[in-house]
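You will see two complexes here that share subunit A, one where it goes with subunit B and one where it goes with subunit C.
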Partner chain A sequence: MKIGTLAILTIGVALLLALPWLVSDSMLNAAVQMLIAALFAMAFGLLCGRAGMLSFGHAAYFGVGAFAAVHAMNAFNGEGLLPTPLLPLVGAGTGMISGLIAGYFSTKRTGVYFAMITLALAELLHALAPHLKAVFGGEAGISSFRMPAWGFTFGSLSEVYYLTLIWTLGCILLLYLFSKTPLGRLALGLRENAHRMRFLGYNTHALGTLIFAVSAMFAGIAGALQSLNLEAANYVVLESHISTAVVLNSFIGGVRVFFGPAIGGALMTFFGYITSDLTRVWLLYQGIIFVLVMMFMPRGIVGEVIERFRHSSLRGLAQTAGTMALRVASLAIAAFGGVFMIEFIQRFLSSDYRATAGNGNWPDIALFSYVWSPVSVLPWAFGIGLFAIGIALTMIVNRRAAAAQEASA
Partner chain B sequence: MTDTILALQDVHKSFGEAKIIQNANLDVHRGERHAIIGPNGAGKSTLFHLCSGQFAPTSGKIVLNGKNIAGLKPAEVNRLGLARSFQITNIFPGVTVLENLRLAVMRKHNLQFVFWRSAARLKKVNQEVDDLLTKIRLTERAHSLASEMSYSEQRSLEIGMTLASDPQVILLDEPMAGMSQEETDYTSGLIREITDGRTLLIVEHDMSVVFSLAHRISVLVYGEIIATGTPEESAPMPA
Partner chain C sequence: MALRNLLGSTAAASFVICAGAVAAEPLKIALVETLSGPQASTGLLYRDAVNYQIGKLNAAGGFGGQPIELMEYDNQGGPVGAADRVRAAISDGADVILQGSSSAVAGQVTEDVRKYNLRNAGNEILYINLGGEAMELTGEKCHFYHFRTSPNAAIRVNTLLDGMKDAGVLGDRVYAINQNYSWGVDFQNNTVAGSERLGFEVVEQTLHDVNKIQDFAPYVARIQAADVNSVISGNWSNDLLLLMKAVSGAGIDVKFGTAFLDQPGNIGNAGAVAEGHFLSAPFNPEVNPEETTAFVEDYKAVTGHYPSYVEPATVFGVMLLGEALKNVEPTEDGLNAEDLALALEQATVQTPMGQISMRSDDHQVILPMIVQEVSKDAAFKADDTEFGFVPVKVIAAEDAVQPVQDSCNMKRPG
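Moving on to the complex of A and B:
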């Protein structure tokens, strides 16, 4: 299993290194955003998954890192003490300091109260930002330029990609090593039973503050990488939907397993990148995915995969793979039916359609290269029918799998 | 045996109107095994909470090694050499048994804010964790999740974690509750062994354990210590 993990990691890193030759520029651009989202989610995962502190305001530390980096870019022009490749260090420093301050106050409480304090602090910063024009640049934000350094121009996308890749992989390695240190182990103790930690002689408030600060530091690095990528920072990076997205991404990937948040962040960023061009209701799909993952795979995607590999023999795995293929196929049918219905209804309810419809006149709707009449039974039967067939097939597959398991037990 | 390591002097504790501990006076001698017995609701657990820093007494002094610890925080009391177990099992359920003990042991070696060393390569810590595992008979369960163990195994782990900080004074709150006779016998022997050279204050309902283990016994009724004596002196009393 250890060798297996190592092999997967090596292949993954090799693929990432070769990516600029494998994909188009627009995909590479998406890959940069995926890496940043992965690192941001890993920073959140340390706090939420390992130390059990659910922060609803991690956009604040991401944003602080982003703005600090953009100011540093303008101040140093990418020269001297802070050449372009080292700019994320500014994000690290400012993220850590803001994390120490915010962590000191928020870790005085736990659970819901902790979450509320982090939310309040982030909203405070977000509300304040438009009024501090010198720092946050108002509506327009602050822009800058990546300057050449160390013989690189940082003008091409692939150079930006490699810079982001090196920082992201380096930080994930550091997070991994951190999880093995005494402080990293004590984070588990905080999550599991802070009360007992106090009776073992630990200063749980100081521990919580430190772990919060380390998490904020890596969030700040992710923010700085985003500024480097966009050559700008705008106060929208402080918005609550950034804080929400990192929570959802991490849980979809699996917040308690080491690589879970990174996979969740990358996957959901990719999903958004693809679907936001295809449909207006992509956020609805993101929400549906989150609800489904939480309902049927509460350990998250990576957590579920690990669990399946851990509790099964090779023969069992082959069996599971067969069941899984059938399950995925039936779910795909249901998903197609569901997507068809959502898209059809979205078009039916859209203001464009409303403008042309009326007085008993219901024009046809184009969807998936066919035209459908909303007053005919056909599109409704098609969508709902496929959805129902898919669900029914899934239930049959599940029942058979359960029967097979019972027979073998 | 006249050296007092832990003393309660006129300790009162009220929660609003309810007076749980009234005028409690107790001297625990260095090196003795001291049991507290009494009916349900007498305030035995509250007494432990007061000694370990969970609650501050409403009035009175609690003296550990000549220092008043009344009102100190649990972590501070622990660092002064007093460790306790809990009546309701209080472990780290979602991590392995080994991790539970390692978390408990690291504090003694001042490994709280260390982020430049690997926890798995701390030789002294690992050695002590191994010794503890052997002592509490959980070596084979080292890599099981603490939450997946049986109740009595969790109780053993609870004792192991209490021992981890190498305390001078150990407070055990009903360590045998829910154990079988065989487990009770083993744990009784274990407690005898681990408290060698330490001071023990124990709350226990199993009278055979109390009488075989304790050097002295105090009786707590309605928040007041009404008698203290050796097992021989206490035996005829209707406790």
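Moving on to the complex of A and C:
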């Protein structure tokens, strides 16, 4: 399995390196966002998944890194001590310092109280930011310019992509190595039983603060990368929805698996990127995905995949993969039916439609390159029918899988 | 032999024609608006208005013999999403970017466009700001490829004060209460600046948190203590509604002068509390009835509702763009942004409200403003209530104009 993991990693990195030749500019832009979201989620994963401290205010450290980087960009002009490629170091430094301070206070408590303190600290910064125009630039934000350095202009998207890629991969590697250090190991102990750790003589408060600071440091790097990418920072990065997004992303990916948050962050960012131009109700889909993942895959997507494929023989592996493929196919049918229904209702209720409809006149609605009449039974039967068929198929697949498992046991 | 020649030349000719048709790209306009999430209602109004007027331009022949292609991007409500979508729009070949709601997003878009144009000389794109009213967009952030087609804080405040003075409700004691961010500060500064010209005293100035206050009673107590005739406020959304309700609840008889009272839902929400308060906006359906009625009825026929809030000014802004396009030669990849910018600087268009034109010094539109009062007598009711906006004073474009800001150092091409 170790070799398998290594092979998957090598292929993944090779794909990422070749990406600028494989996809359009617009997709490459999405890839930059995905990398940043992945790193931010990994930083959060260290704190929440590994050390068991659920922070609701991680946007604060992301934002601190973002603003520090933008100020450094303007101060150094990409020259001297801090050429453009090294700017994320500023994010790391400021993220770490703010993490030490915030971590000192918040890790005095655990559980819900910890979450409340992180939330309060983030809101404090968020409420303060609009008033400090010199630091946070008011609602127009602070703008900067990526200056050329080391023979690169950093004007093209692919250069920005490689810069982000190198930093993200490097940071994820560091996070992996960190998880192997004694401090990283102690984080697990903190999650499992902090009382016992204290009885064993560890200073759990200092431990928690340190891990908080490391997590904030990587969040700061992610923020700095975002500033480098956008060449601007705005206090909206301190808003609470940035904090919640990273929580959702990490849990969807699987917060307790090392790579889970990164995959979750990248997937959900990609999802938002693609769907927000296709449909006005993409936030609804995002919410539905979160609810479904939490209900049926509480370990998250990556956690579930690892759980399914671990400790099984080659034959068992093929069997699991077969069942999974069937399950995904039947779920896809149900999803298509559901999406069809939601989109149809959304179009039916939209103001554009209401402008033309009325007085017994119900014009056809174009959806998925066909036109459907809302007064006929066809579209409703089609959507609901597909949804029902998909669900029924999933249940059959599940029942058969359960029966097969029972037979083999 | 002759036949073969004929065939050959026909083939060559048709090849040339085909090649010509393939090479000339349609003009692509990207609308980068907030189309989902809690702030979407305003973004969708911009979308309706832009769709409407681009439809008109296309019905009139489009650009370069082809229909103008309108692409929509959802900026997801914030500058981060907007920066992203501007890039996506550029890589999809957009020549012009339109955006309106939120000055924060406008600030990001205008900077992104400026930087893109610096890096891609000869291949520039244009940004038309349909509604970001912060002063700095035509001040320190102004640049050659940014155009604002909405009023700004200075125009709003000064026309509002003029109109209220004429209506005899301004009085000599005025209270300025605003949200504590650049828009509110701009609004307050312009109110203070107008006091000398119009001979009133700004008794007290208050800046408060943005959209966080649930109870305006302490502020109302200060307004009461200040004993003023009118309150000038750039507040919007809840901050305006709650403030007006609190003042009315305390039984204080003052007139409000506002900028965003016509936002859909405000009148429905405030009801009788809003009666008698003032607004300065670029449109009122009762002005110039012959032309305006045709416009609002046509707008309703196309979009399903009467134009309100930001919609009319957006339509006029796109009309101005259409006017400029008439004076631009199409090129192989759509158009040359510099040509369009130069044409837009000279553009003048007749709207139902009067003539609007672009000022070349800072790319701020010069437009007539209508000071209006909430009243039961209005011909067009707002939000299905018995109230609507009755025009009090129409201020012609040349009187509404405000001076160019010193901070605008526009670098012109060439």
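Note that in this section the second predicted complex is superposed on the first by the 408 of 409 C-alpha atoms of A that agree within 3 Å, B and C clash if a C-alpha of one lies under 4 Å from a C-alpha of the other, contacts with A are read in each partner's own complex, and residues count from 1 in each chain.
One rule holds for everything that comes next: a residue touches a chain if its C-beta (ideal position, glycine included) is under 8 Å from a C-beta of that chain, and two chains touch if they have at least 3 such contacts.
Keep in mind it's a predicted model, so treat the numbers as computed, not measured.
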Partner chain in contact with A:277 - subunit B first, subunit C second, else both or neither: second
Partner chain in contact with A:406 - subunit B first, subunit C second, else both or neither: neither
Partner chain(s) touched by A:131 [first = subunit B, second = subunit C, both, neither]: second
Partner touching more residues of subunit A, whether subunit B or subunit C: C
First, second, both or neither for A:354, with subunit B first and subunit C second: second
Touching partner for A:198 - first (subunit B), second (subunit C), both, neither: first
Subunit B versus subunit C as contact partner of A:188, first or second or both or neither: first
Partner chain in contact with A:24 - subunit B first, subunit C second, else both or neither: second
Subunit A contact footprint on subunit B (complex, rising order): 52-54, 73-75, 78-79, 83-84, 86, 90-95, 99, 102-104, 106-108, 111-120, 122, 161, 164-165
Subunit A residues within the subunit C interface of the complex: 24-26, 29-30, 33, 127, 130-131, 133, 138-141, 143, 145, 155, 157, 226, 230-232, 234, 236-237, 239, 272-273, 276-277, 280-283, 351-352, 354-356
Subunit C to subunit A touching residues, read off their complex: 35-37, 40, 44, 48, 72-74, 76, 78-81, 83-85, 87-88, 91-92, 102-104, 106-108, 111-112, 115, 119, 134, 136-137, 141, 180-183, 209-210, 212, 302-305
Touching residues (chain side subunit A, partner subunit B) in the complex: 177-178, 180-186, 188-189, 191-193, 195-204, 206-207, 210, 214
